[in-house]
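These are the structures in question, set out in turn.
Below are two complexes that have subunit A in common, paired first with subunit B and then with subunit C.
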Partner chain A sequence: MTRLTPCADDRQRQALEGFTARLRAMHAQGLADPGLWDHLRARARNAKLTYLANPAPWLDLLAERLEGRGARVHFAVDAAEARDMVLGILQQAGARKVVKGKSMTCEEIALNPALEAAGVQVSETDLGEFIIQLAGEPPFHILGPAMHRDRGQVADLFAEKLGQRVPAEPEALTKLARATLRRRFLEADAGISGVNFAACREGALAIVTNEGNGRFVTSLPPLHIAVMGLEKPLPTLADLGATLELLTRAAIGAPLSTYSSWLAAPAGLSGAGGPRQLHLVVVDNGRSRILGGKFWEILLCLRCSSCLNFCPVYGLAGGHAYGSVYPGPMGSVLSCLLEDLAPGPDLAQASTLCGLCRQECPLGIDLPGLLLGLRQAGTEAAPAANLLPGLAAQVLSRRGLFDVVCRLAPAGIKVLEKLPEALRPPGPWREWRAGGRALPNAPGHPWLARQPREDGHD
Partner chain B sequence: MTRREFLARLPQRPDLAPGPIPPRPGGPPPDLAAALLEALAAGGCGVRRASTAGEALDAALVLAREAGVTRLGHHDLGPELTPLLPAAAKRVGIELVEAGDGDEQAVALAEPLAAGLTRPELAVAQLGALVHLARPGGGRLLSLMPPLHLALVHAGDILWSLDDLAARLDAPPDPPVDAWPALTLISGPSKTGDIEAVMVRGVHGPGRVEVVAWGWTAPANPLKDQALTGLAPRGNLAPS
Partner chain C sequence: MNHLQPITPPPRASLFVTCLADALLHPVAQACRKVLRAQGVTVDLPPDQVCCGNSLHKTGQAGAAARVGAAWVRAFAQGGDIVSPSGSCVAHLRRNLAELLSGQPELARLAPQAATLVGRTYELTEYLQRRLGLTRLAGAKAPTRPWVYHPSCGLHRSLGEDQAPYALLEALPGRPRLELPRAERCCGFGGPFSVSHPELSGALLGDKLAAAAAAGAQVLVVGDLGCLLHLSTGAQARESGMQVVHISQVLAGEVV
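Take a look at the complex of A and B:
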């Protein structure tokens, strides 16, 4: 069971507040023109709905186009198969050094540990991902994976792991990371990236970055492997353009991300420089099951992080508290579904249902509705959780029974309070009691018994 | 799992129906080049205008010299710019290094350079983006590796929107192989905010991008309104 607790580190919480406040301001700037915002979100939503209504022929077309130009497309039903496929492609090419672009899907399928266990050297190349890879941590935020670490901590980490001490200034630290990673780009046997969008009709993948690492990963090594969740494709290149604009406006408030690479073939095959091998691994990992059920709407998510930045719960808890790759409201929904409710329904409880996430979501995903639905599904899946409310309902709806319980309550409470810890009944009451709290003594004469009856009789 | 098995597992959701799309506000202004430069400047690029190919080259080379560049990388810049390049470089005392995409030595040649000079095949004015297509002799590598990127954009190569770009790239029903194996959109200098949300430029790509738009008086590029299916590898992007 994953239990969400507030972030205990004051400095981290302040950093989180500063970071999300900045992103909220950028988001507001991105939707400053309401007419444009409405246009883009309607186009993106329509494109997503058109694909999701019947994904098989679209995905087939995408694969057909890409393979027609010399790329290879692979289909993985779960995380394990996806890992095996990526590893198999690397081993077949004899690739031992890999540079990687930031990819939530790769995090989801736990790709890096599998590659490292097989002796492949993996370098994350997004600066934030590079920092947390050195620190051995999961991402804290979708857009700023290392935003919880301050400059001093990053300088210490670089000194320890890279063997070079530079001033604890963002400029100097970034320069050291650039030099280190440039060498790795040049030496890499393969690049692995995620995929932000794909256009089926034209057969193209889009990878978006602001740092430029995505360009290196997809264009310098002789082999490029792109890992894509099956919900990412869109029908056409025009759909891709509109959705890309919406994503960038929602995420960073700019009209367009700094770089966007659109890949339709292994460019090296036509003498244009770049990889001679391009592999696309399409990952299901629960997505087709989600699409067939009542929580399908989460598959519209663009990973813009707006719901994180506006969520009061995420703002207090921070990304690590979620104990899952995807944090925040979208993460609470997706993690519960991808893992098939295995970790329990607790993440679904991690919301005040204030509705800000739905309001700020560029696709208008009803995140509070999905969370409520998951709570309900979790309760239905765990009948024990219904026991107490069910019992209470029985008692409260029967006057006679209620009176009996009220008369027995003082003695019952005394017995419960005197029970040694080991004998206390399990469940919420035991935990509540363990917090040093005690039940108040019940009065010998219930309040109701002291009131004149409505009919005027005692 | 095979493609067939995988696709057979996917559900259908005929209930997911698209809705109406409100129109996009605003349309293309008469001067696309001015709109492009304005949007690029907002994205953090340095921008200037020149009327002729020679003036554009001179402007870029002066910028390079002022930045202390002694060796400048370039690729195939097209028939109007290429013949003028050696003399223009000589005037400012800059050595030229040719490192076009697809050249076996291109990566090794481009890596030590302080600046790269490119001619984007297209640009998108509405969003302020340069477009480099992957082609033999193209400028994708030089727009990425050196810390300073100098780009020369011809006014006739400027499109208005991403929709226009998608229309240009698409040739239904069957896009031919290698019409555009890959392309890169560039809207400003490389940047990151990953350490304490402090914006730092030049994390992997160029920290500085300078754009010179030229050809204000030239007639529009006749290729502008054609699909790129007939795009030859070299020299076929010139305005008439």
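Take a look at the complex of A and C:
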């Protein structure tokens, strides 16, 4: 089984370090007022729990409200059905050109390849997503999908793919991207976006962006399709206020993002502008199954990315090493669950369980506990792997046996050290040394064996 | 000379040495007993103790961890306060032991006893500072060479004891502690992670040693045992010259 290793690309590693450091600083700024932070956390957690305790009636209410205003709501059981639904809506409207807002849920269901295969032209409009779409890469980070590419690399990429060389300066690069995207916004037959939150009682969708592209996507083309994970809704608009503030404080240290859009109806109701058609596709894709099991807590996740930015493993390995759509601690948990422990790097093991993720998570999700639970689920599914641990348990629960092992250890270590590398039996000692560590000096007896059992008074 | 507040009856505690200190880290076991005795604590060494099952639990082996945990309960069944140099192990005992035992039909009857025992189990600095109410320890002194402290994840986050180690270290006579940059960042040990992901584990190890050196330290004091084994054998293999010691060794006045 492949395992995560430190990112080998020096530029990527530097970008990773700089980006996560900036986000950690912003996160710290966002929670500078501990009283407010605790208040928001309690409100948000309560709102999420209220919804997740019984999502069905809330979803029904959300659908009823939205449809009452002329929108259409669809429920997709899995990724394939979600892709088919989106494609079906586009085809029915005769839409060939699509502009997209940044959406991890769309990444999860692998929407773009499916649309492109059906002849639909898809343009990502979030600057980071625009870059990685040109590069043909998956996101490196759930907040900054292209953060692993420095400005020089972006300038080269633009020159190659857009046919125009501009200085490797953020302003020049953004201007070029904007000029390219403006045309696509105007030509688009449809816009596809994600959804950050929904308020069920009022029937509104919330989309949080920092670049303004989200508003073009959701208002300019005649058709808007919003794709939402089943865990995203909250009971009411009042819940949304606190949860939104918590998200943006945790993610970027600000009480609000640059743009927060509230969508409740297609055009026509008030005579105002906007898309003539609004569709919401609610994606289950394993979420109901997760909600019914012992790992349900991961559905509290707001995708703020704090756990990625504080994780020592993510900070060295980077997003692509995970081989999954969602990287970092939340990504390891969610990917294992969504893919039902599918092959790939064993993500449940890819953590030191240091607990920084739990400490910094705005919802207080016990990510180390969930990773531990996944490790347990893994061992239960593979009983053959329990042989060695069973032996270890014998030694570690019997004083006499433990004493014998302690006495034999120095001889064993000596043998291992003398053997040429190729002849050394596989085992943890190999990996211990591979991590740049000497084998420990074994004293040759347990400490307890040579101590008096009880103190007199000193 | 002695800052011990009068406690009647005089404190008495069983030392849970941990399998790691018992097998490989004898100076830590020695230092724990010494620092406790110096504060007037009578130290018992229950003879059947071995391990709490922490590392097996971290590999996902619930059944094996429960069997080891059951042996731990039997070894410490005599009661009284239990003190251990590992915050990670104490956190495991408090968070998981009773639940692990309840999950195994043949061991479930031990769960209530386990809950009682872990309720009186303390990590060393926690015991000294919170249970005994001590801050200036008899016999403790700061390292004479420049030093930093790595607040180990097991002690400071899993157990949540983020105050006692600092309070005890701040009160040491002698050279004051230097600030360790990004101190809260893991050293890369992580139990099974140290061998399942050797490249990442080794890279984090290198970063920790480099951070200590950048702070001007020659001595790196750590709060837990896994980090100690990992960082000290790492410093040895890399010939970094950094002396890596456990906090108990400083509190016992054994680091010069």
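Methods note: the second predicted complex is superposed on the first by the 383 of 458 C-alpha atoms of A that agree within 3 Å, B and C clash if a C-alpha of one lies under 4 Å from a C-alpha of the other, contacts with A are read in each partner's own complex, and residues count from 1 in each chain.
Just so it is clear, contacts are C-beta pairs under 8 Å (C-beta built on N, C-alpha and C of every residue); 3 or more make two chains touch, one makes a residue touch a chain.
Source: prediction; values computed, not measured.
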**Request:** Considering only the touch criterion stated at the top, classify A:T5 as touching first (subunit B), second (subunit C), both, or neither.
**Result:** second
**Request:** Would you mind checking which one, subunit B or subunit C, touches more residues on subunit A?
**Result:** B
**Request:** Give one of first, second, both or neither to describe whether A:A177 is in contact with subunit B, with subunit C, with both, or with none.
**Result:** first
**Request:** Using the superposition on chain A described above, determine whether A:L291 touches subunit B (first), subunit C (second), both, or neither.
**Result:** first
**Message:** Quick one: is A:Q121 in contact with subunit B, with subunit C, with both, or with neither? Answer first, second, both or neither.
**Reply:** neither
**Complete:** Within the complex, subunit A is touched by subunit B residues 1-3, 5-26, 39, 43, 101-103, 106-107, 111, 126-129, 134-136, 138, 140-141, 144, 161-163, 165-167, 169-170, 172, 175, 177-178, 180-198, 200, 202-206, 233
**Request:** Spell out the residues on subunit A that touch subunit B in their complex, using ranges where they run on.
**Result:** 15, 18-19, 22, 33, 35-36, 38-40, 42-43, 45-46, 49-50, 52-56, 59-60, 63, 65, 68-70, 73, 75-77, 81, 125-128, 131, 144-147, 149-151, 154, 170-171, 173-174, 177-178, 181-182, 186, 201-203, 210-213, 215-216, 218-220, 230, 236-238, 240-242, 244-245, 254-267, 269-274, 282, 284, 288, 291-292, 296
**Prompt:** Where on subunit C is subunit A touching in the complex?
**Reply:** 10, 17, 19, 21-24, 26, 29-30, 33, 37, 40, 42-45, 47-51, 53, 56-65, 67-68, 70-71, 75, 153, 157-158, 184-186, 188-206, 229-230, 233-234, 236-238
**Message:** Give the list of subunit A residues in touch with subunit C in this complex.
**Reply:** 3-6, 312-313, 316-317, 346, 348-356, 358-359, 368, 372, 374-380, 386, 389-390, 392-393, 395-399, 402, 405-406, 409, 428, 431-443, 446-448, 451-455, 457-458
